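You will see two complexes here that share chain A, one where it goes with chain B and one where it goes with chain C.
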Partner chain A sequence: MSSQDKSEVPEEHLPEVPASAHVPAESDPFADPGLPAHEPRRTDIDEKAANRAERQVAFLFVISMLATIGFIWSYVGIDKDRIIDIFFFGKIGAQNAALGGTLGIALFCIGAGAIHWARTLMTDEEIVQERHEFTSDPETREYAIREFTQGASDSVIGRRPLIRRTMIGAMALVPLSGVVLLRDLGPMPGTKLRHTEWKPGKELINEATGLPIKPDDIVKGSLTMALPEGLVEKYGPAGQKEELSHGWLEKAGMSAILLVRLEPKDVKSKKELAWGHEGIVAYSKICTHVGCPIGLYEQQTHHLLCPCHQSTFDLADDGKVVFGPAARSLPQLKIHVNEAGNLAASQDFAEPVGASFWERG
Partner chain B sequence: MKKLSARRRHPLAAIVVLIFALAATGGLYAAFAPAKKAEADDSASIAVEAGKKLYLSGCSTCHGLDAQGSSDGPPLVGVGAAAVDFQVSTGRMPLQQPGAQAPRKPEVYTPAQIEQLSAYVASLGVGPKIPTANMYAPDGDIVNGAELFRTNCSQCHNFSGEGGALTQGKFAPPLKNVDPKHIYEAMLTGPQNMPSFPDSTMPEQQKKDIVTYVRETTHKEPNPGGLGLGRLGPVSEGLFGWIIALGLLIGCAIWIAARTPKARTK
Partner chain C sequence: MSSEQPKGGADKSTPIPDNAAVRAADALDSRLGIYGAAKKNLRKVFPDHWSFMLGEVALYSFIVLLLTGVFLTLFFKPSMQEVVYDGSYVPLQGIHMSQAYASTLDISFDIRGGLAMRQIHHWAALIFVSSLFVHMFRIFFTGAFRKPREINWLFGFLLLVLAMVNGFTGYSLPDDLLSGTGLRIAEGVVLAIPLVGTYVQFFLFGGEFPGEDIVPRLFTIHVLLIPAIMVGLVTVHLILVFYQKHTQFPGPGKTEKNVVGLPLLPVYAAKAGGFFFIVFGITAALGGLVQINPIWSYGPYNPGQITAGSQPDWYIGFLEGSLRLMPNWEWNIWGHTFSFNVLIPSLILPGVLFTFMAMYPWIEGWITGDKREHHLLDRPRNMPVRTGLGVAWITCYGVLWVCGGNDIIATHFHMSINAITWIGRVAFFVAPVLAYLATVRICKGLQRRDRDKVLHGRETGVIKKLPHGEFIEIHEPLEPGMRHTLTAHEQPKPYELDAAEDENGVARKVKRSDKLRSRMSHWYFAEPIEKPTAEEYKELTSGHGHH
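Entry: the complex of A and B
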């Protein structure tokens, strides 16, 4: 395709004429310089180099074959539970590593061989391919327009406005069905977002032990996670920890609190002390930004850090936000000690816990 | 030193020298016979005295002469032997320089000296005792430990114990290669900004379960894919691998598109 085509190559695409002969005309300072002259590669003129390149390509293809055989062998021959220690990668599954490695080598070597082949042995003559106009010729365009207008007048849409309008109406209404289907997104939340499982008098249950908590259990500097009494029994996994029910996650997710004991003199807010018991305070464990569980409690600074976007709450100051994107203080749960001497909630949270939502003023 | 030599004629000097000699003997004895526990009252009080000496020379600058604390260090009355054992045998104390947090480093004191320091601090006020080997032996209930770890520890230390950042340069250290004893002591005493998990809210058995889980995940559990990246999970690890592979692919693309070398023909 190369030599015969050359005669048809337009003037400006022919190899460059010597520089002295090529003086750009005043009228066209950006004249197309055309293609540079073809230069042969080493493999084009040296038969030995060409043979060497051939052997290199063949070598890559042979490696690929060996790698494929290695892949099959790894699949059959390596125990899938075997763990080996590879420097830098650490302890990894031997079969996994072998399968990935051999398949990668097999594919890479095919590609590398093909590229090396193309770059050394296949012809590297520059070939010009002509591009044609994209627009159709005038007759075709005229014909298409004629057909279209003919069709429009045959359909009488211009003369029958009733049909035209109702058709537009019908097409405009169809998407409404999609909008109605949005209702299936679930029941409206109602007041669910505003209430948790905490009720006046409900005891605080230590999540680790499943037992009620006495004030003396909470020592300074400690951190205790707690849930409302009865939650585990009502919604809980009942011994089958794998099958957590949806109700459980939802309720536990909203009602989770953490308990810390602060030195009363360190607490800046009177209300916070009054809502706690001798410096023991209970806070929601759900971030007011977008609702991640927070528990990164720094016992010396009394700061609680959210791992998601680094909102930081000061537990010694009404749970105020001291850093980060959260816009609301962490809700505090009002607690007291009941007749049995256990910590109990005095009321539900005074405000919705967790992330802000649309209807929340 | 001047002070010391000035007081060498003090009536109590002989007693101090005697105590020091006794303590040194006791310390040497303890070093050579580590299996034997200093049970008797005498050796215990010797340890306390020796610990006090170590304390005065090594710790009192920051924690105060009576361990009442100063602006440079918290009071140690009532922190218990477990806290001292944790801080000193992980090398966190003595502090090298003030900073956001004391990092782990090679320990400065010998085990025998640490025992004496702990004994001294324990004598100042009641606090958590050093746990015994069977309390932290990693043979508890892994499943329960995993659940407790996820609720109580993973927020800072990551669910596989890789550690993580806190505020203003503080961080939760990785739990890999941490002695089970130190994991237990950390829960018991709440070192630095870590909250404590005392026996009243986190009973002994549960701490043991947590230690078991931590040892299992950080020491034994293999990482079948290789390069765990803090066990961030397959998606993020895949993304990371993909970005690196993208660099390699760009290298390949450059090679493919590079100008073929030409033979210089004359």
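Entry: the complex of A and C
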């Protein structure tokens, strides 16, 4: 290192210096005049100004100390539930505002003090240091390569191909263990992405009320969210919450549907009407793009818009995509009215719901 | 070493004190040899320029992230176990939710200062990624990535990518409605990967989405794996900055072989150390006063629910925009689904954009054929093509980013979302080209202005009436230092192919890559605004009363 430090960068590694550089200005008006002379600051020559700067720095440090005391006071002295209204920042928790504010002031003033100190009282005379060369000198280079070659030859790795090849083989194989170990991160997909919780006869449960849905509940222009039985949070007779079965979120994420009532004459597809009940149709709520739940319904056009990436589906036309990045229609759920007069599924979705995947076909 | 300190080195007459501090240092030196390192580094010179603080902002916000992050881990419970909330936030009392979400609510409402810490952490993350981007722009536009600093550019690039990934994992941890929506989109993207996508999704989430494993897994990645790699990369990054010494802008007294600035001890230490406190102070005040990511108003995650206007943090917005702009191409071949509508915008396009960014030092090095070291920075105007490319990249990213909020634009400006999407689709291709052309023109215009300034001097604003009635503005000649600064840059010639025939008239075989390189090099260095020559300058200044 020390030998490198002293050597300067060889010319061939550096950009060409204009032929004119370092020549007196008479022959080259663009020559480098060299570092300008240091101009003293006010604090360098006026002791009063320097003393003033010292007091300013000290003042900032004192403010910081006071702010830290304020921080501790805020922690113990302010009720954590108190809300205050600060102009521009709006209604915020008093304690958090005080803690953040005092901590901010305490830190900021240390920084401001240090920088003010550096700018007014520490030297501002620029220093010139030489750069050192990164490329090693030929001697070092040869020495290093020779040592390495000697070491490699001492290891006999070149003369013993059997060791070399088996070592490479062993090293190549051993990471496989790490890959194999990852297998139990999750179950095999199997056909899980192809099925939902909907089965023939399963009743549609209103997500908001937790009750089965009668055709009259679905009014024109409104969007009703529904799930299969067992996936909606329900309250028991005593008003207590009934526990949902394990894994209900995964099932709800696949099975969520939405119901709308359409004017049968507006519906373009016969199959769509046949799969619904008197104009009530049920569609998967999960977008066929990347799986966001779709929630924005425009009653006039029967368009359904996904809030994530604005794929737009026409609910009066088999859920076809009319705009946006989704490629496939929304799957429709075939429904009927059962003996109890409630809406129920006639079968599972005819195709996988949600985002596309490789095996989907 | 003495040769490194021609100026400013401590005076030999400075007495060596004999006190407890020196004795402690002696004791350490006899074990660790600290004086050698101190001799090299205590008075190390750092050049000064406002833009050099951008990397510092990144470093300091990273430290703030580590400090506040440790605090948050003391209270956050990374578990998807279902609990019933009974904390002090009334609207959610009695609601079923994951422990992750419930503990985030506790941090926000029941741990004193917890919300401030959470918000400092979130603000610091936004500032961290922003400062990384702007720092990289500075490095790019001034050519600081050139030899010998290409490797450090790559380390910096990796830090940017890891910062974005870790931002996303952190955003996903509270398991609120918004973070779950982000994860759902990520799940859709993973599913679109050909061949292995479905398996990757099942292994990543431990089964079907959302499952119970993703939050604890992301937690380990967020607080251990990625931060550990980042701390390592930051360390190497800084060691290289130290070892290779900082670049500097051209100016009087500054050459390729020296470094001009103020010494580490005390000036730079005070300024940089002070600046850390300023960055931390501003982030702390933001965390206390300016609300960010109010997860309590979103509610717990449920894959069947969503709110309109769901937006990711700003640095993921470009992916959201590219997903929104993409036409709905999906192919079904031999029973397999190719979801180009997801693959192209979320994996291929960002892959191309960021690979180009990572490889740029080598791309430019190959085109220019420049193998020399560069320690003097370029002024962006003097490299119009590079500056144009950078602006085109930013424009491309910017179009995607803006389109990530096309629904917000539509509702705020009462515009059709379809129209905005179509404008975005066209702008993605057209805007970068226009930005490139405009930038190159502006750069050349600025070069012309420099040239005029050197030759004719600075406009003083003083109007003089000549005896015959003509008005002229008096131009004041530039200081020699300024003249030097404005003419210090090189103007390389394009790479020329050898003649098609050698001296004996035999056709020479020209490699395809050489032809491409020559064409690219001509594009890079074509039609330069020639620097003023000494002759031109003398001719103009020797005459009477130039204007």
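Everything below uses one rule, namely that the second predicted complex is superposed on the first by the 294 of 361 C-alpha atoms of A that agree within 3 Å, B and C clash if a C-alpha of one lies under 4 Å from a C-alpha of the other, contacts with A are read in each partner's own complex, and residues count from 1 in each chain.
Quick note on the criterion: contacts are C-beta pairs under 8 Å (C-beta built on N, C-alpha and C of every residue); 3 or more make two chains touch, one makes a residue touch a chain.
Nothing here was measured: the structure is a model prediction, and the numbers come from that model.
Peer 1: A:Glu139 in the overlay: touching chain B, chain C, both, or neither? Say first, second, both or neither.
Peer 2: In the superposition, A:Glu139 touches no partner, neither chain B nor chain C.
Peer 1: Based on the superposed arrangement, let me know which partner A:Ile86 touches: chain B (first), chain C (second), both, or neither?
Peer 2: In the superposition, A:Ile86 contacts both chain B and chain C.
Peer 1: Based on the superposed arrangement, let me know which partner A:Leu185 touches: chain B (first), chain C (second), both, or neither?
Peer 2: The second partner, chain C, only.
Peer 1: Give one of first, second, both or neither to describe whether A:Ile105 is in contact with chain B, with chain C, with both, or with none.
Peer 2: A:Ile105 contacts chain C only, not chain B.
Peer 1: Between chain B and chain C, which one contacts more residues of chain A in the superposed model?
Peer 2: Answer, by number of touched residues of chain A: C.
Peer 1: Which partner does A:Gly34 reach: the first (chain B), the second (chain C), both, or neither?
Peer 2: second
Peer 1: Who does A:Met225 touch here: chain B (first), chain C (second), both, or neither?
Peer 2: It touches chain B and chain C both.
Peer 1: Report for A:Ala252: first if it touches chain B alone, second if chain C alone, otherwise both or neither.
Peer 2: In the superposition, A:Ala252 contacts chain C only.
Peer 1: Looking at A:Val321 after the superposition, I want to know if it touches chain B, chain C, both of them or none. Which is it: first, second, both, neither?
Peer 2: It touches chain C, and chain B stays clear.
Peer 1: For A:Arg131, select first, second, both or neither according to whether it touches chain B, chain C, the two together, or no partner.
Peer 2: Only chain C is touched by A:Arg131; chain B is not.
Peer 1: Considering each complex separately, which residues of chain A are in contact with chain B in the first and with chain C in the second?
Peer 2: Chain A residues touching both partners: 86, 89-90, 92-93, 96-97, 111, 115, 119, 124, 207, 225, 241, 293-296, 305, 307, 310, 323.
Peer 1: Using the touch definition from the top, list the residues of chain A that touch chain C in their complex.
Peer 2: Answer in residue numbers: 2, 5-6, 8-9, 12-17, 20, 25, 27-36, 75, 80-81, 86, 89-90, 92-93, 95-101, 103-115, 117-119, 122-132, 134, 182-183, 185-189, 192-193, 207, 225, 227, 233, 241, 244, 247, 249-250, 252-254, 256, 285-286, 289-296, 305, 307-311, 321, 323-328, 354-361.
Peer 1: Considering the complex alone, what residue numbers of chain A touch chain B?
Peer 2: 39-42, 44-46, 83, 86, 88-93, 96-97, 111, 115, 119-120, 124, 206-209, 213-214, 216-219, 221-225, 241, 260, 293-301, 303, 305, 307, 310, 312, 323
Peer 1: Note which residues of chain B are touching chain A in the complex, please.
Peer 2: Residue positions touching the partner: 143, 147-148, 151-152, 155-156, 164, 166-167, 170, 172, 190, 192-198, 200-203, 206, 222-228, 252, 255-256, 260-263, 265.
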